[in-house]
């Protein structure tokens, strides 16, 4: 077992503990019933996704500034993992919405902006795949990632200004009983660890792929060789 | 005086090695031909010289400027005729050149002079799309010399030029430093003092006149 | 180096090319009329509901016409390999980008000159200065974003697919604010002043951002 496998196993074990906490420790919600248990993972994976996209944003900005290949690889890894967590958020949200709101989907601000987030970063991954690998793909994708990150709050704001029905943040105004809050915080911590491990492993995969494509750190030949004499 | 000094120029396209450790020196006023089969790396080398492509590794200096870091300033001194002419078919020959005068910041009087060098003055008011392939190639050459570049980079300029290709190119290349990729050994011998031979992306040295045919 | 002169030269070159060949505008105008036609049948429109549906159809037609127009601006340069020739010059990429964006904006404004009267005729909606102003404001920001993504997809494969995929999410704020402005200008609920204010904010934000990004998108 190499260290990547060890970390992966650890992250999975943590998630299983979190699952146990969600189902056996946290109390059942009085109004929503067992469906409310979706909340723990739903919100945690949304936060993990935002974290991943922040990595994409930072990686993109650093790459555009000094063409740092490490930053670009982290951005790539973050985008992929972020899309996975956004997908989880959307699916769990829809599963929760059906019994509670009576519909899988509604065009409210948070749902719309999360969907837009998902579309933008799927586009980001496609640009990476369809552009010529190396500098070009990295630059173009960095621009897409930066614009995407800026767009999401704007879409969110535009729709809020329209209409919204998503439940507001329940954690901050201590509306949550202690057992629920504890379960949530623990699940969030485990999910963030999982996301971090996934990004780290993906980073390693991207590095290996770059090496295959000779895109790893360009070796600048600095030996000022004497030019061959002109015949 | 060397105008171009390149050390270990290497370029990878994904997993394909297009150029491997090419060294080259071109003196001011010299005409150098680049010979090689299709896929030998001629166009890659020329695109790197034109600063449109960055080498994966290696160093390249043109006119004392770094071809990667100072490429924007360097582009004042470069003229490049690529495979594709890149003309605007709906604009006339003169309008095509006038547009590039604006981008290059040179006086529009250069249009007439450049057209004269390539023998296209009678076609000045014809749309580029209506010109024959050979005339389009001449127009692309005229565009590359508008700003009187110090280094002229020609990628198979003889394509579709016809019988008087050599005469035309002699006129264009006079008093300039030139790198020219070509298949035509005879043309290379006639126009250039020196030849760089590329095979599978590697330089096989230079020769002052080429007598070997493959 | 005078960037204004470069931008103007690029703008004039594009407009002149389009004027001579008339490749894009007639086809786009036709496209817009067809979009209205399909909208009419798709929504089963009659006198009573036309005013409610017209703003939506306006934005649908405008968004898809815009995608076609902006896709063409760089596709043409790419096919003719003239983008490389332009970038080989010492002209600043930002100025080249500005020129292309201005030309694309002009193209879209010509399309709007067909779309708005056609909407008024077919759907009986009022064609007021307020509607025109809102649409023009949205055009500025949409053009800046559209041309930037057109420049990006010009360098990737499957570009016809990628352009809408990347551009549409960024256009949503313009469609929301512009849609509200047009609705209220057509007598439906909505705060016109507030929507126009938002459109101006979005325009400034995205024109600045795309100008900053142009260097990375166009160079090399």
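Just so it is clear, A, B and C label the chains in written order, and each chain counts residues from 1 on its own.
Operating definition for what follows: a contact is a pair of C-beta atoms (placed from the backbone, for glycine too) under 8 Å apart; a residue touches a chain by one contact, two chains touch by 3 or more.
Quick caveat, the model's predicted, so the values are computed rather than measured.
Asker: Quick one: most central chain, C-alpha centroids?
Answerer: Chain closest to the assembly's C-alpha mean: C.
Asker: When contacts are scored as defined above, which chain pair ends up with more C-beta pairs, A-C or A-B?
Answerer: The comparison resolves to A-C.
Asker: Find the geometric centre of each of chain B and chain C from their Cα atoms only, then give the gap between the two centres in Å, rounded to an integer.
Answerer: Taking the mean C-alpha position of each chain, the two centres sit 38 Å apart.
Asker: For chain A versus chain C, what separation do you get between their C-alpha means, in angstrom?
Answerer: Whole-Å distance between the two chain centres: 31.
Asker: What is the distance, in whole Å, between the centres of chain A and chain B, each centre taken as the mean of its C-alpha atoms?
Answerer: 47
Asker: Would you mind listing the residues of chain C that make contact with two or more other chains?
Answerer: Each of 220 in chain C touches at least two other chains.
Asker: What residues in chain A touch two or more of the other chains?
Answerer: As it turns out, chain A has residues touching two or more other chains at 132, 135.
Asker: Check each residue of chain B and list the ones that touch at least two other chains.
Answerer: Each of 54 in chain B touches at least two other chains.
Asker: Help me check something: in the complex, which residues belonging to chain A touch chain B?
Answerer: Of all residues in chain A, those touching chain B are 132-135, 212-215, 218-225, 227-228, 230-231.
Asker: Once bound in the complex, which stretches of chain C touch chain A?
Answerer: Contact set of chain C toward chain A: 145, 148, 152, 155-158, 162, 165-166, 168-170, 172-173, 176-177, 180, 194, 198, 202, 205, 209, 213, 216-217, 220.
Asker: In their shared complex, at which residues does chain B touch chain C?
Answerer: 50-54, 72-73, 75-76, 78, 80, 82-91, 95, 99-100, 102-105, 127, 143
Asker: Using the touch rule from the top, collect the residues of chain C that touch chain B in their complex.
Answerer: Chain C residues touching chain B: 1-2, 5-6, 9, 13, 16-18, 20-21, 80-91, 220.
Asker: With touch defined as at the start, can you tell me which chain A residues reach chain C in the complex?
Answerer: 64, 112, 116, 119-120, 122-123, 126-127, 130-132, 135-136, 139-140, 142-144, 146-148, 150-151, 154-155, 158-159, 161-162
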